[in-house]
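Per-chain numbering from 1; labels A, B, C, D and E assigned in written order.
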Amino acid sequence: MTEPVLSTHALTKRFGALVANEAVSLDLRPGEVHALIGPNGAGKSTLVGQICGAIKPDEGRVQFLGRDVTEQSTRTRARSGLGRTFQISALAMEDSVLQNVVLGAMGAAGTVWHFLRPAMKDLTIRQKAEQALERVGLSDLASLRTGEISHGQRRRLEVAVALTLSPKAFVMDEPMAGLGAEGTRELTALLDELRQEAPILLVEHDMDVVFSLADRITVLNYGRVIATGSTAEIRSDPEVRRAYLGEES
Amino acid sequence: MSRESIVNAALFALLIAVPLGALATDEPFIITLATRAVILALAAVGLNIALGIGGLVSLGHAAYFGIGGYAMGILAFHAQSYTPLFEGPFVIEGTKLMPIIWLVAICGGALAAFVIGLLSLRTTGVYFIMITLAFGQMFYFFTISWPAYGGEDGLSIYVRNSFPGLNTLVPIQFYAVCFVLLCAVLWFNARLARAPFGLALNAARQVPHRVEAIGLDPVRLKLVALVISGAVTGLAGALFADLNRFVSPTMFSWQMSGELMVFIILGGTGRLFGPVAGAMLFVLLEYLLGGISDYWLAFLGALLLLVVLYGRGGLVGIFAGKARNHD
Amino acid sequence: MTTVLLVEQILNGLQFGIMLFLMAAGLTLVFGVMGLINLAHGSLYMIGAFAAAAVAAATGSFVLALAGAMAAAAMVGALVEYTVIRRLYARDHLDQVLATFALILIFSEGTRWIFGSFPLFLDIPSALAGPITLPGGIEYPRYRLVLIVIGLAIAAGLALFISRTRVGIQIRAGENDREMIAALGVDISRLYTLVFALGAALAGLAGALVGAIQSVQIGMGEPILILAFVVIVIGGIGSIRGALVGSLLVGLTDTLGGIFLPEAFKLFMEPAAATTVGSSLASMAIYILMAGVLIWRPTGLFGARA
Amino acid sequence: MSLLSLSNVAASYGASQALFSIELQIGEGECVALMGRNGMGKTTTVKAICRMIPASGTLRFAGQDLTRLTSDQVARLGIGLVPEGRRCFADLTVSENLIVSARKGPWDIDRVTRLFPRLKERQGQRASSLSGGEQQMLAIGRALMTNPRLLLLDEATEGLAPVVRQEIWTAIDELKSGAGLAILVIDKSIQELRKVCDRATIIERGRTVWTGTMPELSRAHSERHLGV
Amino acid sequence: EVKVGMITTLSGGGAGLGIDVRDGFMLAVKQSGRDDIKVVIEDDQRKPDIAVQLADKMIQSEKVDVLTGIIWSNLAMAVVPSVTAQGKFYLSPNAGPSALAGKGCHDNYFNVAWQNDNLHEAAGAYANSAGYKKSFLLAPNYPAGKDALTGYKRFFEGELASEVYTELGQTDYASEIAQIRASDADSVFFFLPGGMGISFLKQYADSGVGLPVVGPAFSFDQGILQAVGAAALGVVNTSQWNKDIDNPANAAFVESFQAEYGRLPSLYASQGFDTANLLISAVESADVSDADAFRAALEAANFDSVRGDFAFGPNHHPIQTIYAREVVEENGVFTNKIIGVALENHSDAYAGECKM
């Protein structure tokens, strides 16, 4: 078995009396899409937060590329190649679409401490940024203000920014939320492609997407892992059906 | 050329034409007034680096302004009274040379901004406004009650400091010095806004968690912005003290901080030339309205109010339309 | 220093704190709850004091003076909200700063135009004049005790209003998302006019109550304004409880700092220098307190958001 | 006669026009789907109805001309909004979010928390700390608390777990048939829309391009206008 | 023709003082009937940098010969040195900082009011004559406050119970009053100008601490006495002028000021009036373009001061009698009555340091 790119070991997080994550262990292996599903409030975003460094775990460890990153800041993790998207779009709304991706590319290239050279004239960076837009199909909107594009378009931009980081692993919190049927299809195709570049930890409620993309699925309920396994195993797991899927599928 | 650059060019032309016109018609006071506007604009441009790009609404910029002022006051005071500034293992003398004074003012402003920034950047929003105000007030009360350099009375410097090759006592020459400095800082500000640092800072204002997720430290970005900003405002403080040949704690007062902010808003937030337009208009209004009635401040208030209510985007906005911050 | 004096000074500090709270109460309401940076709050305080002085001079009744102060300030407040502030909610905070800064100029000079440049007379009613003796032999001005009671009553009333009443909840919701609360059917404009008028009335009341033991003059509002901002920021914006605790902290720090710092420095410095250093530090004390609190808790003692 | 009727509606964000000519009718007790690709103007249409952006053309609700009213007046006529992106009042608790805009009628806290038991468990929690799906439930509950005649659901099932989503679809169905509520739904799941909605309106680049009953919405239509 | 630039405070909280100086000054100019005295008036907003700017304007643009008007010491310190350095005359109608009386004196600078310490010194002298043995001293923590206590201590022969510096602009004095109550002082000296004095006196009266209070005229002047009200009754304060000083010039001044402006003149109005009359007397005997002659004419101080005898000392500061006044109520108006002389023909402590 290949070494996992990213793994958590018995992560526990409490908010007061509420246990949002309890001893959650999972891993992300090269080339795979690992879906994380579970009812609302099950603790998926909390787990993502801890993996990316925005939330400090109460117990447990996070490993990334073979190193223990539990004590590292979000920044350090991002710089070593952890690319994330947010459940609620986090974009510079006053800046143009292109500027948002350029910023990502700059962050990855570490060229932000330049005070006099125009950012948009750095061709390597710009190329990388434009490529990312191209891949999510936003090239036409590059010069619009991010505040002026629609919700669905912003979701794609969110993915584009993560792309600019050329990450070693993606962590995506509901990237399909708000996308239309068409958009979902396109983004699904994109993610399918992306897994070649870096494995994806995918939080998603759209079961069609999950079942078509995921190599493995982990199900959280009340903060605990109630099942991990292949698509087929999860689909037929009675507890998962009751707690999450309902009669669907 | 966009409409905003036309407005900027017009302001720039005014800053050249007015003092030259005054020189031609022998109205030295107009030059003095223009110098005042330019120096205040410089201070506000300093603030605008932090505020316009980084969204750091600092209500304590008087601290850096005052530090610049006192850098000039203290150095020149020791030079004019032939007393050493510091005696110990080595002796530091005062000086009346502008370049040295500027350097000290810039470093003083930057250092103060660094320390204040380290402490206050933990807070955001209104809390940031108030904690910067608190630091400003500390300086204010300290200088008022600390007797060594005149306390509330301040320090008078009898002769303006010198700049090699110039006679700074001639109004137009001193104006030229200030104007060149303003242009240099504006150029720097324009470049900065488009540079990677400016882009990142701008994003750090809007979505700090995103900036963090691409591997940058938003607080460090803001701290650097604040230090640059403090340095520029410190320089302006030194010039302001030289213009008046006088420093006093009022340079540290919260009204001073407030005025710098008013210049920016009046001129147009987020505009390169906003602080310049704001300072020019404010100084002009003060001059024009000053004599008309005992209650002239009420008229000033009414005018300011009209600008806020009906001139969206400040003065520059009125003439140049909506802001665009990308190319 | 004797224990009686110490107790008395602590009492003074608390009472000064309550006085600050009177001024801060209206400001918290407008600033904390409506999210509006109202620099002109100090002017409303001044208007209250001047109105009270005018009414007291005309009628001789302190109660009427208080009523007049509240009415005048509330009216001016509602007018200002309707004509100016209302257009600024959707705008940047900075526009509010400039507009209310302009209002300060207009109100100060307007008041001077109406009442002249000299301070006005406003005194405490004779029923409340003079000191009474507290247990332990402390002589304490009766009027100041009344101020304490009124301050606490306002604190309780406001806290209930904001946290318990539906109007209070609607106001807070409006601060989070004005457009949304309107889309749910709440007439937020009218609500805000009311809140602003209420905040103004509280400022006016504070002006009248405090004006009776201070000087009623142009510009009396500005130093108070800064202090009131300090208070509510220390306490945490939007929290009435925070404003109360913040006021008491500031009151105690200011009063006790002014007394003890010079004394403390005398322990290891010569008296003249100690007085200088001590007094300098004392005048900075509340700002040091505020910076300290914010460095420790970046959103104030009871504040939740920035 | 229709409860809500939009005809030739246009609207813009500052200089950029988002709606050009929208035609939309919703009858009493009817459930209509508003469909279209991302960025075509669905949300803008909803905003125009709620007077959250200025719009021109004919907008009438229950015989009233909406263009003369403010946003809160429109809401009090009986239009309840579940906005895109939830927009719960972050600093209010769950129960405060619910009572803040409550008006008299069959929907009260009890009934809402029966619909969403999770909200009952979290009553005292601040909305900002709720999970994404919990916020979505809260937004729906909040709109129901105003006891509207017309409910506007803009991506109301976004981010919800399949079980919950099913519950919501069931609830929508009940609201429509049981309570006689008129409903306008924007949602990406065409499957579900087909089940609950009577009619559909498709918009493209700010224009209504198709209106008809659900059964009439053919595969060809949806391929052409929706990309599926 | 003489052009006079008046820079004074006409807006904001301190406007009352500037308005009185201006009105007194303009009344004298009007009464002189001269049309060769042009006065340009500007508002300094009590900000030093504005005052400096206005001084520049008056000199560079209005080309004035004489400047006057400044109320506050810190503004005077900002303006006067540069004005005199440019060869213009400055006549101070109010502020008299020690630096300008001693080492920093200048032959073109004349103070027509007092050196800052004067009234405090007189208060100290009065305290001696009243038999006070132990005083509690109170002043704001800024240079003028320190000068005040220095002035009082220079003449007061008793002990000091305590010296307390309050914050500038402080409005609540409960804690200081508690300290006074706890001390074993037999008298209180305070220097709290403007609103600070009003607040202190009201709170002091209400506190029931009955110790006698003495202070300089600034907290008891006509402009603010009405605001203090009965709390000030009976308090003794020191002043070089009062409306009941018995000389014809004063009687005429009080009457004409009331007729012109409808209010009783204040100390500041009297100082403005004297300043103008000094200027007029100099204009009558010399041409301002001849600086030496004009200076000599000013030094002669050949005018009828409303204070009675008036002469300049070697540092161009007044040598004058300072009175003790008591606050009384006359027909429902609070005002002052002279009860005695505190210091006769008093000069100032810094004259010796002045090398002109």
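Here, a residue touches a chain if its C-beta (ideal position, glycine included) is under 8 Å from a C-beta of that chain, and two chains touch if they have at least 3 such contacts.
Source: prediction; values computed, not measured.
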Fill in the blank from the handout: Chains adjacent to chain B and to chain C under the stated definition are E
Problem - Given chain C and chain D, the chains that contact each of them - result: none
Problem - Furthest chain, CA centroid comparison against chain D - result: E
Practice task
Report the chain whose mean Cα position is at the greatest distance from that of chain A.
Solution key: E
Practice task
Quick one: report the Å distance separating chain B from chain D, using the average Cα coordinate of each chain.
Solution key: 50
Practice task
Please work out the Cα centroid separation of chain B and chain E, and write it as a whole number of Å.
Solution key: 36
Handout entry: chain A-chain D separation of Cα centroids, rounded to whole Å
Key = 29
Exercise for the section: Please report how many Å separate the Cα centroid of chain D from that of chain E, as a whole number. Expected result: 74
Exercise for the section: Find every residue in chain B that makes contact with two or more other chains and list them. Expected result: 141, 144-145, 147, 294-297
Exercise for the section: Could you check chain A for residues that touch two or more other chains and list them? Expected result: none
Exercise for the section: Mind pulling the residue numbers of chain D that touch at least two other chains? Expected result: none
Problem - Contact pairs between chains, per stated definition - result: A-B, A-D, B-C, B-E, C-D, C-E
Problem - Partner chain B, residues of chain E touching it in the complex - result: 10-12, 15, 19, 41-43, 45, 47-50, 52-54, 56-57, 60-61, 73-74, 77-78, 81-82, 85, 97, 99, 141-144, 146, 165, 167-168
Handout entry: Complex contact set, residues of chain C against chain E
Key = 1-2, 4-5, 8-9, 12-13, 15-16, 19, 108-109, 112, 116-121, 123-124, 129-131, 139, 141, 143-144, 210, 212-220, 223-224, 255, 258-259, 262, 275, 279-280, 282-283
Exercise for the section: Using the touch definition up top, name the residues of chain C that touch chain D in the complex. Expected result: 166, 169-170, 172-173, 175-177, 179-189, 238, 304-305
Completion exercise
Within their complex, chain B touches chain A through residues 188, 191-192, 194-200, 202-203, 206-207, 209-217, 221, 325-327
Completion exercise
The answer for chain E against chain C in the complex is residues 11-13, 15-16, 19, 141, 163, 165-169, 171-172, 174-175, 178-179, 181-182, 194-199, 202-203, 206-208, 223-224, 226-231
